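Next come two complexes, and both contain chain A; in the first it sits with chain B, in the second with chain C.
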Partner chain A sequence: MAKILRINMNDLSYKWEEVPSKWETLAGRAFTSTIVSEEVDPKCHPLREKNKIVISPGLLAGTKAPSSGRLSVGAKSPLTEGIKEANAGGLTATKLGRLGIRGIVIEGMPKGNDWYSIIISKDKCEIKVTNEYAGLGLYDLTTKIWKDYPNKPGIIGCGIAGQRLSKAAGVFGNNIENTDPGRYAGRGGLGAVFGSKRIVTIITDDSEGKAPEPKDSDKFTESITKLREALRAHPVTGKLKDDKGKPFGGLANYGTNILQNIINEAGGLPTRGFKSGRFEGAAKISGEAVHEIVDKTREKFGDSAEGRYGHACHPACVMRCSNVVPYEDTGKHHVGPLEYETAWALGTNLGIDKLQDVAELNRLCNDLGLDTIETGNTIAMFMEAGVIDFGDGQAAIELLKKAYDEKSIEGRLVCSGTKSAGEALGVTRIPVVKGQALPAYDPRPIRGIGVTYATSTMGADHTSGYTIAAEILGVKGKVTDPRALDKAELSRAFQSTTAYIDSSGYCLFIAFCILDNDDGFAGMKGSVDAFLGKDIDVTEYGLAVLKKEREFNAKAGFTNADDRLPEFFYTEPLPPHNVTFDVTDEELDMVYKDL
Partner chain B sequence: MAKILRINMNDLSYKWEEVPSKWETLAGRAFTSTIVSEEVDPKCHPLREKNKIVISPGLLAGTKAPSSGRLSVGAKSPLTEGIKEANAGGLTATKLGRLGIRGIVIEGMPKGNDWYSIIISKDKCEIKVTNEYAGLGLYDLTTKIWKDYPNKPGIIGCGIAGQRLSKAAGVFGNNIENTDPGRYAGRGGLGAVFGSKRIVTIITDDSEGKAPEPKDSDKFTESITKLREALRAHPVTGKLKDDKGKPFGGLANYGTNILQNIINEAGGLPTRGFKSGRFEGAAKISGEAVHEIVDKTREKFGDSAEGRYGHACHPACVMRCSNVVPYEDTGKHHVGPLEYETAWALGTNLGIDKLQDVAELNRLCNDLGLDTIETGNTIAMFMEAGVIDFGDGQAAIELLKKAYDEKSIEGRLVCSGTKSAGEALGVTRIPVVKGQALPAYDPRPIRGIGVTYATSTMGADHTSGYTIAAEILGVKGKVTDPRALDKAELSRAFQSTTAYIDSSGYCLFIAFCILDNDDGFAGMKGSVDAFLGKDIDVTEYGLAVLKKEREFNAKAGFTNADDRLPEFFYTEPLPPHNVTFDVTDEELDMVYKDL
Partner chain C sequence: MVKGSKASEDTILMVEFVKGETFAEFIRRMGLTRDELGDCFIDGTLTRPQSELREGARVALFPFNMVLLCGGQHLKGHGYTRDDVDVDYY
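Right after this comes the complex of A and B.
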């Protein structure tokens, strides 16, 4: 039986609880959002004692289901002041799954100035003072922890930014075969919630764990096989070769950053603070550019080259969209992964086209414990205000490095989120919804993603309803007109399916394959059903999660006035298509109507 | 007939409009809140083209009614993101009244980087490029303008802080007999709205104006005489002497800062970031201390001494609560006025007990164009975060001086409001409601003012429903228990009467006398009725204003979740009485129930 680990930081106690039958089908986002909505006062201060951190591996984490090792982290967000779920790959979900832990609920706040870590292994939990882990860069911290705990445990936690309660702080996780702190449940400032509870890390050792047992093993095996085959066959998620044996497309070749050129082509790549939809430097920081530099340094440095593409983000991953960007001059590891959103936030949106500068900004975010999307948008505010210049990678790096200096007010501000920094600097073009910065798709030429940004329970978030799949990449060979204005239904469908996937433990990128391939869909649903021994309706399940999240937000004070994009998207046309975001308020309000 | 001056900053045009009959009875706050609620999109960005600035002299401004020269400034607030009215004394209201101008509505936003001033005289308006007025400290600016315009015009506008769109920027006004920029419609960041429209100043010359004519002159004269006598007879608003001829109590002797010792005694004086209700240094920065230093420097420096108490804030003022604090070593003018709220925000709440340090911080705020309450609370955030120490006046002065340096990020942050600064610095005890910082009365031991802070349409604001009058000072000799929890009705009564007074042009401090003395009340109401030739119900009029403001805020996205105090007031008991804010949510929601 799966268990819940409930930790009380007030008195540093913990207990194991059975999963109550009403929560039996809940895992991942469904689990975190349910507990947050049932147990956290929606009006509470997100960084004081009443908030809770809820952590849950996706339902199938620890099984052999392909790409099923996602970890959800939930709380009331200090950035949006609404409910938040952020998820990531890494090691911890798989290990928690193998320890039979459905979720961890962390309550309260300790007195005093000590910093803690929570050490979890089979049926054991220890809440330990680890002051030596606080204040470190995360590369040093994770290396130190793998020395202290030689079983190569999963690690999640917060860095310097979270320890200082900065609103752009994410929850980091370590990589699967090294200690890289590059796996981020990045959004919504959840790292600061860790910091507020004075928790630096949660260290999970599954040495004595084992894969969880599905209720219907035969059907489970059959289903995951079906899904795995569908994933392998799909051009986005499989690794295909063309007639001449050259690799083409595919996440394993170019990673998510394959989108850099695609979205640029579509004229929807937000450039220099959302001022254009085209970036002349896009190709230089694209997935193709990373691919090339990896190949080049491998050629040059042979076995000592550390650059990589086709890299997995968690043990069960079959899509392998992750990468490691090498230093060009040594071939050594610089940063990994460099995702599309990150290359956009720290490159395109800052007008920076030097791949090594973008990689360095990414490395600094990973080391400080910062969400790259939020931080990139924040640096753009400094550029918009004229503090530093668009395109000046070195100035951006110097600015971000100030965050290491506890006394630096610039350092604090650059970690405090786009809205706080933009407002402090007198900027009026602040690209946020519900306080959270927009990701890498401009909503003016691609309206469906704008509908998702506006209405998502999470604040501006592409992963919460990735209509780009339909509007740019196409589903079953058919592209939905990105400029059409009736996108409420599309966004709602993506948002609800996403809430289901975010609960299953599956990586969201299976969506490409399940949308295009009925066998893929059947494999996904079949595996979840077989695991639970139930017949779960994908849409109903997803909508139930969204409903709880909406209700929490309503009690926290959100209204439909919060389901809107910033004014400048309605008034400033975006080149090259010179369009504004023309979706009506009525259309936006339809997304959650009658839920 | 009174007129409306409507200015369009998009094309730098203006026109004169008749006051439509539906707005006939509206002036001051009733005028600004009506126009803002009817003409401004509640969801608009407060610092972009869709917001409007509405300026209106109180109804009786320019007449001989005692203490009737208040000016209202309204807009959507960049600090609260709700509706805002802030009012002040100074010269401009009287002059606008004498020019027959009921209100000024400023729309749009000019293109380009020029800075403008609006020059108003009898039936004339000029919108002028005045780049030489931008970027100056306000002492220099007002001196320069009185040289450029020798008729000693009224001046209002924004300083450096507003020009940079800082959220703590107030709208300054000049003093009556010198150019001191010490009259502030300070709250809600309205100075930044001026800055967003690139307006530095509005300069009003009433040389050819005349006092407006009441509809019923006899009744008007009779009523204002009645009110004047009641004001003179009241110990708070008159200047009385004891048996031995020594002055006692009274605003004219000690100014509003007489409250420093009174609220300290009551245990409700928020000290060092709302951590205690008693400040051991209160007496040193009290109104009595100012009185003493004025007397001392007069004795020492004779006619060249510039310190003052019993100073009027606008031409018709009879209460004279204003003052000028002299430099102790020269007797020269340091700052004026040093109000209670300011001495609290820049003294008590920062643990600073050196009067000259507090005066210097006040002078810097006046020079930069900053609201002292917001700025004091913001500096407290820097202290709470350990950037500078509580009690260190020189460090606070150095911090605030950084605001002169356009490139200083600390300088930007210290002007950006308590919430932005607190959040950027990782503080979780941030004393704001609806984004606006709390004034000088702790709501834990004095619950009625807490109800006003929580529920006011304006964000935390003592002037919007000053229950302190009943809870500490007493009405008709009877004090309402400050610790009682059923304060909804009391707060609502104060809030509605205030909305009426804020529209009449009368200074809010007539409230002491109209509450205690039926003749005072009759004089106030009679004068308004006689001026309009109507019978206006005080409560109905006030509630109608509040209703419009609430409706605007609801459309802007406010819910009852916004009508709450920050969490720490509910959980941290305040010494010396060791009480928390125990008013229920239901009680808070009763204030505006069925409005």
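Right after this comes the complex of A and C.
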């Protein structure tokens, strides 16, 4: 029977609760968003006592279901001031699943200046003063923790940025090998909520745990087999090499950064602070470039080379889109993973085309505990304001390093989020929705994602409803007017399916396959149904999550006027297609009109 | 196709223009087959087999496993990569 661990930081106590029957089917994002919406005062200050952190492994985490070890972290966001769920791989979800923990709810905040860690193992919880863990870079911290806790635990928590309540702070997680703290539930400033409760880490040891039992084992096994086969056979999510030894799966070979060149060609790659849709240096920082440098350093340094592609972000992953970028001159681990969004935020968006500079900026974010998308956009504000130049990788690195100095105002500002920094620096082109910075698809040529950015409960978020292709096709209305497609319906359908997947524990990337392949879809739905012993309607389940999130945001004070893009997207045409975002307010309001 | 090309650089090949040539005819001329290709573009717009090339066009070719990572092509009316789907809005 799954349990809830409820921790009260006011008096440093905890209790185990049964999962109430009304929450029986909830996990992952459905669990975090339900508890946040039912238990957190929508008007509360996100960095004070009344906010809560809710952590939940996806429903199937810890089972043998392929790519099912995702973790959801939820709270009221200090960045958006609305509800937030951020999602990550790493070790913790699998381990919590194996300990039978459906969720952790953290309430209150302690008095005094101590820093704490929460240590979880089979039926045990300890809230421990760990002042020695505070103030450390996260590479050092995760290494230290694996020495202190030899059972190779999952670790999540906040770094220096979160400990200083910076709004760009993400929740880090260690990777499977504990060589990088780069598994981030990055968005929305949730690292700062950890910091506000003076929690540096949550350490999860599952050595006495076991895989959770599905209600219908036969159907579960049959379903996950179907899904696994569909994933492995799909050219995007498939295995690393085909039967003849040639590169096959796009994600396994090139990671999510496979998108760098292709979105560039489509003219939707936001460049130098959303001024162009094409970046002349895209190929140099692309997934293909990472693949090339990994092969090159392997050839040169043999077994001591640490660069990787086809790397798994969590134990059950079969898609393996993660990577490790090596230092070119030594072949040693520089940073992992370098994702598309990060290569864009810290590369393309800053006009930086040196892969090693981008990797270094990524490593600094991982070490400081920062969301790369928010931080890249924040550095772009410094460039937009003329403090440093677009394209100057070394200046960006020096700027970010100032964040280690707690007395540095520039250091604080670079961690404060795009909106805060942009306003402080007098920038008027600030790419945020609901206070959260836009990711790596320009909403002008890719209008469907623009609708998702505008209407998502999470602020500008590409993962909330990934509607890229149809809209790119409709860029020029050549084949048909893109308006003929019901964008509101498209966006809502994708947002609800996304909410379901974010709750199942499956990685959102299975969508690339399951929406193409009926067997894959049946495998996904069948495995969730078999696990719960219930027939769950995908869209209804997802819509119920969205509804709760919308209600929370409404009570927090959000209205339709917040479901808009910044003005410059409506007025500045983006080359090369020279289009503006021209979806009307009425069309945007249609997305959630009848919810 | 291009000697000395690198994954970390754009590979550019100048090709003679043939008036009235469609994308399907063009890739045949290049010695490629449809199943070797993923999403491809003409002047930044996703192409279909019957799309016609114009003089001076920028044609972008991506291999079979490089697509817009979208999923749900049949729902969203994807152009080139999927021809075995029931519904194609385009």
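We adopt the following convention: the second predicted complex is superposed on the first by the 567 of 595 C-alpha atoms of A that agree within 3 Å, B and C clash if a C-alpha of one lies under 4 Å from a C-alpha of the other, contacts with A are read in each partner's own complex, and residues count from 1 in each chain.
The definition used in the following text is that a contact is a pair of C-beta atoms (placed from the backbone, for glycine too) under 8 Å apart; a residue touches a chain by one contact, two chains touch by 3 or more.
Everything quoted here is computed from the prediction, not taken from an experiment.
With both structures placed on the common chain, the touch criterion links A:A561 to chain B but leaves chain C unconnected.
By the touch criterion defined above, A:E265 lies against chain C but remains apart from chain B after alignment on the C-alpha atoms of chain A.
Using the contact criterion defined above for the overlaid structures, shared-chain residue A:A421 touches chain B, although it does not reach chain C.
When the two structures are aligned on the shared chain, A:R412 is found in touch with chain B, with no touch to chain C. Once the two complexes are laid over each other on the shared chain, residue contacts for A:M1 go to neither chain B nor chain C. Residue contacts after overlaying the shared chain place A:K284 against chain C, while chain B stays out of touching range.
Annotation for chain A, partner touching more residues between chain B and chain C: C. Of the two partner chains placed by the overlay, only chain B lies in contact with A:L47; chain C stays clear of it. Within the complex, the chain B residues that touch chain A are 42-45, 47-50, 78, 164-167, 192, 196, 387, 407, 409-410, 412-413, 416-417, 420-421, 423-428, 555-562, 564, 566-568, 571. Put simply, chain C touches chain A in their complex at residues 6-10, 38-39, 41, 43-46, 48, 60, 62, 64-79, 82, 89-90. Looking at the complex, you find that chain A touches chain C at residues 235-236, 238, 247-251, 253-254, 256, 258-259, 261-263, 265-267, 277-278, 283-284, 286, 288-289, 291-293, 355, 466-470, 472-473, 475-476, 478-480, 484-485, 490, 493-494, 509, 511-516, 576-577.
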